[in-house]
Amino acid sequence: MSKGTVVLAYSGGLDTSCILVWLKEQGYNVIAYLANIGQDEDFEAARKKAESLGAKKVFIEDLRSQFVEDFIWPAVQANAVYEDRYLLGTAVARPCIAHRQVEIARREGAQFVSHGATGKGNDQIRFELTCYALYPEVKIIAPWRIPEFYNRFRGRTDLMEYAQKHGIPVPVTPRAPWSMDANLMHISYESGILENPKSHAPADLYLMTKNPEDSPNEPDVLEIEFKNGVPVRVTNVKESASKDTPLDIFSYLNEIGGKHGVGRIDIVENRFIGMKSRGIYETPGGTVLLKAHLDIETFTMDKEVRRIKQGLSIRFSELVYNGFWDSPECDFVRHCIAKSQENVEGKVQLSVFKGQVYILGRESPKSLYNEELVSMDVQGNYDPCDASGFIRINAVRLREHHRLQGFSGTEK
Amino acid sequence: MSKGTVVLAYSGGLDTSCILVWLKEQGYNVIAYLANIGQDEDFEAARKKAESLGAKKVFIEDLRSQFVEDFIWPAVQANAVYEDRYLLGTAVARPCIAHRQVEIARREGAQFVSHGATGKGNDQIRFELTCYALYPEVKIIAPWRIPEFYNRFRGRTDLMEYAQKHGIPVPVTPRAPWSMDANLMHISYESGILENPKSHAPADLYLMTKNPEDSPNEPDVLEIEFKNGVPVRVTNVKESASKDTPLDIFSYLNEIGGKHGVGRIDIVENRFIGMKSRGIYETPGGTVLLKAHLDIETFTMDKEVRRIKQGLSIRFSELVYNGFWDSPECDFVRHCIAKSQENVEGKVQLSVFKGQVYILGRESPKSLYNEELVSMDVQGNYDPCDASGFIRINAVRLREHHRLQGFSGTEK
Amino acid sequence: MSKGTVVLAYSGGLDTSCILVWLKEQGYNVIAYLANIGQDEDFEAARKKAESLGAKKVFIEDLRSQFVEDFIWPAVQANAVYEDRYLLGTAVARPCIAHRQVEIARREGAQFVSHGATGKGNDQIRFELTCYALYPEVKIIAPWRIPEFYNRFRGRTDLMEYAQKHGIPVPVTPRAPWSMDANLMHISYESGILENPKSHAPADLYLMTKNPEDSPNEPDVLEIEFKNGVPVRVTNVKESASKDTPLDIFSYLNEIGGKHGVGRIDIVENRFIGMKSRGIYETPGGTVLLKAHLDIETFTMDKEVRRIKQGLSIRFSELVYNGFWDSPECDFVRHCIAKSQENVEGKVQLSVFKGQVYILGRESPKSLYNEELVSMDVQGNYDPCDASGFIRINAVRLREHHRLQGFSGTEK
Amino acid sequence: MSKGTVVLAYSGGLDTSCILVWLKEQGYNVIAYLANIGQDEDFEAARKKAESLGAKKVFIEDLRSQFVEDFIWPAVQANAVYEDRYLLGTAVARPCIAHRQVEIARREGAQFVSHGATGKGNDQIRFELTCYALYPEVKIIAPWRIPEFYNRFRGRTDLMEYAQKHGIPVPVTPRAPWSMDANLMHISYESGILENPKSHAPADLYLMTKNPEDSPNEPDVLEIEFKNGVPVRVTNVKESASKDTPLDIFSYLNEIGGKHGVGRIDIVENRFIGMKSRGIYETPGGTVLLKAHLDIETFTMDKEVRRIKQGLSIRFSELVYNGFWDSPECDFVRHCIAKSQENVEGKVQLSVFKGQVYILGRESPKSLYNEELVSMDVQGNYDPCDASGFIRINAVRLREHHRLQGFSGTEK
């Protein structure tokens, strides 16, 4: 008798293949679900593998467009960056995957969902919070947190042995001494030899970006056009090539960014569960977009709206990192940020070269930039005498403070 | 009969030379004060020029060490960045200059101070707020905001004419079609042809950084050691060269950063007075330090302290940009930020190459990074089952929200 | 020949009567505009007075409903409080008055607007920022900042003399030794004998609220019903009286609050221009609403949305206090706050007694309160074991910190 | 053979008496620890009871002074209020109790600590986070989260039965249909009949404050003197009574506040674990102090420092509520807040009457209030013309925005 049906987020790799079989062994009907969010994978091979391992059903879902439009675009609007550096490539992918997983679970009447995320990481939280938020009564099976599972599979050797015993195809190429996670937005690398925060990452680690030492000696110059704070067209100025659907735009920015080695970072970050971890990321297209969006945003957005939005963006980034994409507060913040983007529109020109993105110029029909007002050569509608009053009123408080403190520049 | 004594912030250039003479003409005794904050200037020539123009006294003050230690270092501790991009190179210099100007004014019994900043910019505010804060009863003469002055000198031609008439030496080389401001931390470029935000900056504009297209094809690898959040030593790993005083460290970082074209940005920013302006900046050493400091800080600082400190840093950056260095709130924020840096200590290795800074690794005796705790291979003092409870409790609220909203992933 | 037409915000009192005549004297056509925002005034007498003083036109505008719906209601949604205490009764009225003033000026082709606000206060800023925001090319005449005016009228005696000379009716009752400003939302008192921050306010100062020592010995019990964060009905539980239009609701809350002496504060606050001032306020209805709204909001709003909204509310309060009601950032914040109120709905019961408002209970169809979940007697859908994991994961960081610091409870 | 020694936070009541015996039953040596933080308790009777139940040792610790000085005073400096209303009386007590508990555990070589807090509340978290922070290797026994315990004791009847069987004295008076927690700072009431958020609290619930309907018809007038943001003396103006040690001051404020019915609130709040709960609190002395401190703080603190500190205070309140008193971020925030209080010094006069606190006046040697500057009658060192420039510069941005939006007051 079956314990019920479980929808397993299946990657096609060794871990989730073992989990698939193990879940069956535990008495579950297993539905394998593999989301295509742009990772490099032979999806048909994965389907066959899952079927051969006894999955009752296999769903291979192409979520790439949805990933770009519903998850990456809001991150672009927000200039989402966690702890000043990480562009959240994995964090925005997890809810995207989980949304469809919940849909399948509901549709197929599955009471359980499962995933192969570890018990020390952020991804378990991101998957599960979204599942609980969208399907509150769901039951989650996280094998790497179940003692019977993790005590049985204490290392890769145990998994390999289990695989061989259960007819699970075993990878033939030796595994890299680190783990990685790839999607359309980025590849992340962590664990293994990278756990020593002092060790330099090997030069051959990166798969999505060229080593800037080997990248072209000529920049590419792009023009990115924005509407409502998201790109609607990218043009390669020299080649006159142009893309205008979200997926094409983002893929093209990945191509150009990757070609020039853009978007590599090596950081120590703070996981939600309170430990520090070292991660290496490459986010080529996302990095180009972040720079371009920052430029057009400041060009078109009121200064004080920008300050408030900046605070909301930091909050948004923390929420997304911590797995709260599907929370009332993240809905609220996303709504507010989207509202702030209504006039974020125009074109940014930039060059991409040797790991860098250089903003070259920008124009917009909605710009608050007033060339005449700011000009040093013409007065515009501006009376410099006003500045005297402005400064003196701003100084009222400072002078009062001095009066009381009795300090002076000399004594200080 | 004299109207009194004025201490003029004198640059040696055409504008402040004319102002010097004009102030004399208006009946003031003029003390010329020229701060050496690392700009490229023939200070002795400037002294003679000021004397020849009738300055009663001339003070040439070498403030470079003070600039680094008292102004740049706090900005490094803060990761000070205005509007996500500008490293505040001019903004931190202004109070440094004004501090000494006030000291001289007090010591010399001058009731007036004067400067050549324009009436549309931020610098007038930065100068004057510091003056009012440290010397509340001071009177400020800002000629570019006095109608008799700015109506008389409507353009460069008027200044040239006035100069010739009053024996003020006139620059012989043609002027660049933009204005610039240089100090140890950065050079900024604005106005003139740069006022069109769409126009690309000319390739030959930059003076402090090499064009990355022409920079070396080999990276330099540096190790920067921090204590209390400020660098105490920089070592060129390959060359074994090493610097350990603040001024030497910062100058060396400028040299290496400049050699590799690091720290160029082209932005539109929001001035305090509410207009948008386009600025181009090169901040080689500051950019290297920002990246290195962000790395060692996240490595050693508690996650939640970091979040609070990040908010304070944004506030600090706004205050500095707006000219409030010498305000009670900036004192307060500086104190809090310095407090947060007590454990920010350790070494960061990084490479500098083609306009980029790549963090390679880090180590610290004060790190909160725990390799065993975070390891995927050993369990450390961590029970993965705890994460289940953590996630489920975090989901309590989300499930309640769902219950009320009745929304689902499918319908959304 | 006329210098043009000016729309004067006319109060009917001595100051603006003198200003009206003075503006005529200066060569302007004067349109007198008097907004009824609930102050106690004989509007028809004021009309006649203005006409008799030579106003070309007189507009008496009943803005009370608009004031409640468009200005007080957003403040209620925001729980708007400046510096933890002041409910912004004057600050929300100023843009309301100025909106109509600008409308009249545009409609009547007036290039000028004028007001009687002093040069040290906040109101000048609130009036003028709204005027500039809605009518950027307007010219503003603020007599109390014009030397010819304020040097001529150095005190009340000068105004009285001028009034007598120009046939301006002079108040016959002696003036209170302080100034006040009244509208539907509150009365503020400042200046004169109140300028000494140590002096107690006289007991007979308050006009809108009973002295709690003399107020009824029986509470009134009200039920306030909210939708979208604003009250839609108030019912006096004992008397079964009920009001359901915005103006009626607010007026009734004023009546009940005033009867029981609710909403008196005596504070020192920070004006926008950087000086501290002492103000005494009575805000009966607003205080009742603030307490009731806080209650229903926390009852129905997600905890984390509430935290973000609280930050926006503080920003909103500062913006409104400083006169930025009509700014892009205040529009943005108002929009975000309104969004947060979509589920703020339900009924609050409270009693009003001797200066206090006591919340008694609340109910809502949209509440996130789950009696079963929180109950100490039933388990609800909650597993207490989850809390162990939650706490232990929250402690990961704290234990790491301790490991490094080596501190202990004993030593601390 | 013993499983080890456990220090139990013992209250003397039925629950922790049963826990004491149950722990013994489970094989632990039990040390009973009872903290006197001002609750109404017969401590000697409790000692005897614990001894008779088999506690190996009993520690009754008078922490009242420490509670006031180290826990309540920082909350006063912060104006600590959770969710705009709750003064955190329980939240500040928990770390105080746990500090000593950890001390005893370390000193006595106990590896375990235990408490009687429930599995749905905040207190379990507050106790345990402090324990983990100060004694990371401690093991915590929380019986109400252990299935064998909570399944055995499903209600009060089970506890009573167990008590009778094990010779635990059973309370003879019938229990109130709610639970309460009392200390020097407040009493909280929750659960039972209060779980229905709509039901009004019974009039006889309150123990610490008089019903304002029955409180004196004459106010008491107090003068509270502050230094470094904490009270150093309180004087009853009419009676000339005065207190000047922390414990005496706070106790006296409780007495006067309680006598006049000050500090009652009935709220729904958000627990850390994400559920909403209804709580009723009475905090007489704390409420008086909050009002007085707000007053003296705004009187002496720079406006912009105040704004930054206000943000830190909200963060502090959340941290304390959530149990993070002993965290690096709370240490940091407490340090920053204490820094902000250096000039918060002076005297506040206030009256206490019928549930309200009315500020009457204040004075300070450190005040930034400048009577001459703010006066409407004298000009002080202030030029009203400056305000014109100030306003016009503030309007630059608003006018630009209007230019772009093309909106007007009329159309809006």
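So that you can tell them apart, the chains are marked A, B, C and D in the order they are listed, and the count of residues begins at 1 in each.
Please note the rule applied: a contact is a pair of C-beta atoms (placed from the backbone, for glycine too) under 8 Å apart; a residue touches a chain by one contact, two chains touch by 3 or more.
Since the structure is predicted, the reported quantities are computational estimates derived from the model, not experimental observations.
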item	value
A-B compared against B-D, more contacting pairs	A-B
Superposition of subunit C upon subunit D: rotation angle, C-alpha, nearest 5 degrees	180
Inter-centroid spacing, subunit B versus subunit A (mean Cα positions, whole Å)	31
Averaged-CA centre spacing for the pair subunit D and subunit A, given as whole angstrom	40
Length of the line joining the C-alpha centres of subunit B and subunit D, rounded to whole Å	43
Per-residue multi-chain contacts in subunit D, two or more chains	273-275, 302-304, 307, 311, 324, 327-328, 367-368, 370, 373, 382, 385, 387-388, 390, 392-401, 403
Subunit C - residues contacting subunit A, complex	273-275, 302, 304-305, 307-309, 311-312, 315, 324, 327-329, 332-333, 335-336, 339-340, 393-398, 400
Complex contacts: residues of subunit C adjacent to subunit D	79, 83-85, 99-100, 102-103, 106-107, 118-120, 124-125, 128-129, 132-136, 142, 144-145, 147, 150, 155, 179, 191-192, 195-201, 212-213, 217, 219, 264-271, 273-278, 294-295, 298-299, 303, 306-307, 310-311, 314, 318, 323-324, 326-328, 349, 353-356, 358-363, 367-371, 373-377, 382, 384-385, 387-388, 390-392, 394-395, 397-399, 401-403, 407-410, 412
For the subunit A and subunit D complex, residues of the former touching the latter	302-304, 343, 366-368, 370, 373, 381-383, 385-390, 392-394, 396-397, 399-401, 403-404
